[in-house]
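We just call them A, B, C, D, E and F in the order they show up, numbering each chain from 1.
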Amino acid sequence: MIVTDLAIARGGVPVLEGLSFSLKAGKALILRGPNGIGKTTLLRTLAGLQPPLAGRIEGAEDQIAYASHSDGLKPTLTVVENLSFWASVFGTHDIQRALDAFALNELADRHAGNLSAGQKRRLGLARMLVTGRPIWMLDEPTVSLDRNAVQMFADAVRDHLGQGGSALIATHIDLGLDGEVLDVGPNKAKPKPIDDFDGGFL
Amino acid sequence: MIALLLRDLKLAFRAGGGFGLGLAFFLIVTVLVPFSVGPQSSLLSTIAPGVLWLGALLACLLSLDRLLALDWEDGSLDLLATAPLPLESVVTIKALAHWLTTGLPLVLAAPFLGVLLNLPAPGFSWLVISLLLGTPAMSVIGTFGAALTVGLKRGGLLLSLLVLPLYVPTLIFGAEVARRGAAGMETQTPLLMLAGITAATVALLPFASAAVLRINLR
Amino acid sequence: MIPDLGKYSDTVLSAYAASILLLVALVVFSILRGRKVRAEMDKLEQRMSRHG
Amino acid sequence: MSITAKANALWEYANPRKFLATSERVLPFFWITSAVCLVVGLTWGFFFTPDDYKQGSTVKIIYLHVPASLMAINCWLMMLATSLVWLVRRHHVSALAARAAAPIGIVMTLISLATGAIWGQPMWGTWWAWDPRLTSFLILFLFYLGYVALWEAIEDPDTAADLTSVLCLVGSVFALLSRYAVNFWNQGLHQGASVMRAAAVTGADTEEKVSNIYFYPLLLCIVGFVLLFIALVFYRTGTEIRARRIKALLARERVSG
Amino acid sequence: MIALLLRDLKLAFRAGGGFGLGLAFFLIVTVLVPFSVGPQSSLLSTIAPGVLWLGALLACLLSLDRLLALDWEDGSLDLLATAPLPLESVVTIKALAHWLTTGLPLVLAAPFLGVLLNLPAPGFSWLVISLLLGTPAMSVIGTFGAALTVGLKRGGLLLSLLVLPLYVPTLIFGAEVARRGAAGMETQTPLLMLAGITAATVALLPFASAAVLRINLR
Amino acid sequence: MIVTDLAIARGGVPVLEGLSFSLKAGKALILRGPNGIGKTTLLRTLAGLQPPLAGRIEGAEDQIAYASHSDGLKPTLTVVENLSFWASVFGTHDIQRALDAFALNELADRHAGNLSAGQKRRLGLARMLVTGRPIWMLDEPTVSLDRNAVQMFADAVRDHLGQGGSALIATHIDLGLDGEVLDVGPNKAKPKPIDDFDGGFL
C-alpha cells in the first residue's frame, strides 16, 4: 500500500497533511503521535470509511482488515458465534486458528457480554485472523490487555507478517515488534490564514 | 449475506433482543383506543381498519431505533462497511430482518386485534392483505430513516419525525384498502397503488439508505 | 361417544380444544425447560467440582 | 410450638436446597391429584351434565372458563405476596417463585380470554365486548406481559428481582385503579360473580345461580386448576432455582478463572 | 434543585435537546388520523377528544426514553446520587422538567389540533383542562418507567410496554372528561377522579421511582 | 474514614473481602490491583452507590466526592455551565479556582462536546474542586491525560491534601504523590465451596 501526500480532516477541520509512506508486505509500521493528532482519523481514511482531503492511497482496495477502538461484539452472542459471523462475512470458515492464537478456546461458549474487558479485546483482535485479509490496521489494539495478552497479540502480528501480511498499528506502548515507526506529529495540519475564505471554509 | 440475516434474527430472539416488543406495543395501543374514544361497538368497528393500520405503523416506527443504532454503537457498522459486502445489501438485509421480526408478527396479530375492535367480518382478509403488502415498505422506509439518524444520541423521537411523513402514502393507500374491504367496496385501485409503492421503495430506497449511511459513517 | 352438543357443538369443542392445548403446552414447555436446566446444572456442578 | 417457631420453620423453606428437596417430595402428589381432579371434573362436566335451558350446551365451557379466570387473578395475588416477601426478607426462592408463576398467569389469562371470547360469540353475538370484567382481564394480561418482559430484559438476577417486585407492587395498585376506571367507563354484559355467593351454592332461586348439577363438577375443576397451579409453580420454581444457580456458578468461574 | 431544573430546561432547549419533538409527533399523529380512518367530519368530531388524548399520551411516552437515560449514559446520574440532593427530589425535578418541556406544550397545542379534527366547540376548554390535569400524572408515571428501564440498552420499547398499562386510569378519566365535555354532559365525577389520580401519583410515585433508580445504580 | 472488614460484590459475585484500612485527613491512599479485581466496585461501595456485603464504613456520610470512569459532562453545555451546575448542586459557588487549577480558562466558553478527550477529563477532574467535600475518590483519573495534565492533577491533589482533605485514588501509573499504597490483590474473594447452596447463591 502506497500513500502519497495525504491530507485528512475530522469534523471538517484538517488534522494531518503531506503524509507519505508505504507499507510493504511482511512489514509492520507503528503509528505514533500525541492524543488528538489524528491517528484514528488516518486509519479510518485508509480503511475507506471517509474520503481524504487530498492525496492518493494505492493498493488498499479490499485488502484491509480494520480494528477500531470498539470491537463490534454482540453481547448476546457467544464467542464462537461472534467469530463465525465475521468469518462468514469475509468468506473464510476456519475460526479455530483465531481461537487458538488468542487463548479463547475455554471461553468459546461464553456470551461476549459476560467477558471482562481484556477478554473482549482479545476476541476483537481474533477477528483479524478470520478476515483473511493481508493488511491489518489496528487502532490502539492493546487497550485493557494485560502483559500476557499483549505478548499473544505481538506473536499473532509477527505470525501474520511472516506469512507476507502487513500491519499498521497506532499505539502508545512498545510492542516489541521490529517495525518502522511513523510519527505523524510533524504532519499536523497548519491552520490556514484566516483571510483564506474560499473553498470549503476550511 | 445469509450470515448477517441469521445473526440479526438470532439477536432479535435472544433475551433482551426485542422480538415481540413491537407486537406488545401494537396490542396496547389497540387496547387504549376504546378507552379514549369510548366503548360503543359501532363506532369502534367504523374506525377499526384505520386504527389497526395506524397502530401497526406506530409499532413499526418505534422499533426502528434498534435497527442500526445498536450496530453503530458497538462499532459493528464500521466493520461491516469495510467488509466485502456492499452497504446496499447490508441495509437491505437489515430491513428484511426488521420486517421478519416486526412487520410479519404485526400482520399475523392484526386479525386478533381486529376482534377487539369489532372489525366487520369481510375486513379481516383485506386488513391482512394490505398489511402484508404495506409493512415491507414501512421497514424499508424506516431503514432509510434509521440510516439518516444513526449517529445521534437518543435519536428515537427525531427518527419518528423524519419517518412519519414518509409513511403517509403507504398509510393512505393501505388504510384505504382495509377500510374499503371492511365496507365491502372494491379495493383494486388502492391495492395497486400500495403494491406499486412497496415495489418501488424496496427496489430503490436501499441505495439512498446506503448512501446516507456512508455519509454518517465517515 | 361425544354427547350431543346441539347447535353449539363447534363452540364448546373449540373452547375445550383451545384450553386443553394451552394447558398441555404450558406443562410440556415447563417440563422440557426443567429437564434441560437440570441437566445443565448437573454437568456444570460436576465440571466445577472436578476443577475445584 | 409457638407461633414464631412455626413461622421460622416456614422460612426454612426459603433455603433453595431445602425447597428443592421438599418440592421433589410433594410434587408427585400435586401432579397426580390435579390430573385426577381435572380429568374427573372435566369428564363429569362435559359428558354427564345436562344442557342449560337458555345457554344450551355452551354452559360446559364454564368448567374451563371460571377456574382459569380465578387462577389468573390468584396467580397475580401470589406474585404480589412473594414479591413482598422478597422485598422485605430477601429470600431468593420467593423472588424466583414470582418469576416462575408469571407465565402460568399469562396462560390462565389467555384461557379465560379465549374461552370467554368463544362463549361470547353465541351468547352475546360478538367475540369481544368492552365489558368491565373482560376489559380488566385484558389489562391484567398487559401487566403480565410487562412483568415478564422486564424479567427477561435485565441481566443481573438480584436487580431483576428487585425491579420486578416493585413493578408488581406499583402495578397492582394501578391494576386496581384501572378496574374502577373501567367500571366507571362502561357498565357491562358479563355475569356478576355468583359461584362464590352463598345463595348460589344453596340453590336459592336467583336468576344467575349456578345450580348444583353444574356446581359440583365445577368445584372439582377449580380444585384441579388450583392443584395444577401449585404443581406448576413448585416445578417451575425449581427450574428457576437451578437456572439461577447455573448463573451464579458461571459468574464465580468467571471471577476465579 | 433549582439548578438541576434549570440545567434540564437548558439542555432541552439547546440544539439536539429534544424540545418540540414531542409536539411535532403529536401534530403528525393527529394529521395521520384522518388519513387512516377517513375524512368524514362527523366521524372525526366524534373521535376527536379521544384521539387528541391518545396522541398526547403517545407523544409523552415517546419522549420518556431521554428522561433519565442520557444522564445515566454519561455518568451524571451516579454523580447526582452522591451529591447532597435526595434522589426523591432528583426524580421529582426530572419529572417536572419533562412536564414543562413536553406535557405543557402538548396542552397548549391541543386546541389547535382540535380544530383539525373538528372538535365540537364546548370541547376545547374541557380538553385543555383535562390535559392540564392529566399530563403531570403522565410525566410522573413515565419517570417511574424510565427509572425502571434506565440501565437497559435501547430500552425504549420496553419502557412503553411497562408504562402504557399504568397510563390506563389516567387515560380513561381524562378522555372521559374531554368526551363528556365535548358532548355537553356533566364532567364532575371523572374530573375529580382524574385530579385524584394526579395528586396521588405526584405525591407517592417519586418514592417508588427513587427506590427503583437506587437499585439500578448499584 | 475507617473501613473495617469490608466485603463487596459485583453483579452478585463477591469480588473483595476482608478489607480494612483507614484514610486520614491530609493523606492520600493509592489503590492498586490488576484489571477486574474490583477497584471500581470498591470505590462505588464507599461512595454509597451500592451496599457492601459485609463490614463497616465509618465517617463517609456526605464527605465523599466521587469521580467515576465517566465524567458526567453535558456536551451541549459550555465548560463554565457544566462546572457551575455542579457547584450549585453542592452548594458552593466559586468555580474560578477550579478553572485555574486545570487550565480551563481559555476553554471556558467552549461546549464540552467539542473538547478533546484529555480536555474533557480535565473538566471532569475540575468538578472535584467545586464539590467542597473533603474526601476525594478518583477512579483512574489520569486516563487520556498527557504528561502535562497529569502534573496539573497531582498538584491539585497535593493542594487538597495540604488543606486537610484526603484522597483515595485508583490508578495504574505513578503520580508522584507520597501516599500509602493499598494493594487489594490479596483481598480477592475466595470462591465458596460449590456445594454451598444456601442463602444468596453467592
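Throughout what follows, contacts are C-beta pairs under 8 Å (C-beta built on N, C-alpha and C of every residue); 3 or more make two chains touch, one makes a residue touch a chain.
Keep in mind that this is a model prediction, so the values were computed, not measured.
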Starting at chain B, how many touch steps does it take at minimum to reach chain E? 1
Counting C-beta pairs in contact, pick out the pair of chains that comes out on top. B-E
Reference chain A; chain at largest CA-centroid distance: D
What whole-number Å value describes the gap between the mean CA coordinates of chain B and chain D? 35
Centroid spacing, where centroids are CA-atom means, of chain B and chain C in whole angstrom: 33
Inter-centroid spacing, chain F versus chain B (mean Cα positions, whole Å): 46
Inter-chain centre distance, chain D versus chain F - centres from mean C-alpha coordinates, in Å: 48
Numbers and ranges of chain C residues touching at least 2 other chains: 45, 48
Considering chain A alone, which of its residues make contact with at least two other chains? 116
If you look at chain E, which of its residues touch at least two other chains? 16, 152, 158, 161, 164-165, 168, 172, 218
Where on chain D is chain B touching in the complex? 117, 126-130, 135, 138-139, 142, 145-146, 149, 152-153, 155, 185-186
Note which residues of chain E are touching chain F in the complex, please. 2-4, 7, 10-11, 14-17, 71, 74-76, 78-85, 217-218
The residues of chain E that touch chain D in their complex are 144, 148-149, 151-152, 155, 158, 161-162, 164-166, 168-169, 172-173, 176, 189-190, 193, 197, 205, 208, 211-212, 215-216, 218
Per the touch rule, the chain D residues reaching chain E in their complex are 139, 142-143, 145-146, 149-150, 153-154, 159, 162-163, 166-167, 169-171, 174-175, 177-178, 180-182, 184-185
Of chain F, residues touching chain D in the complex: 11-15, 189, 191-192, 194, 197-202
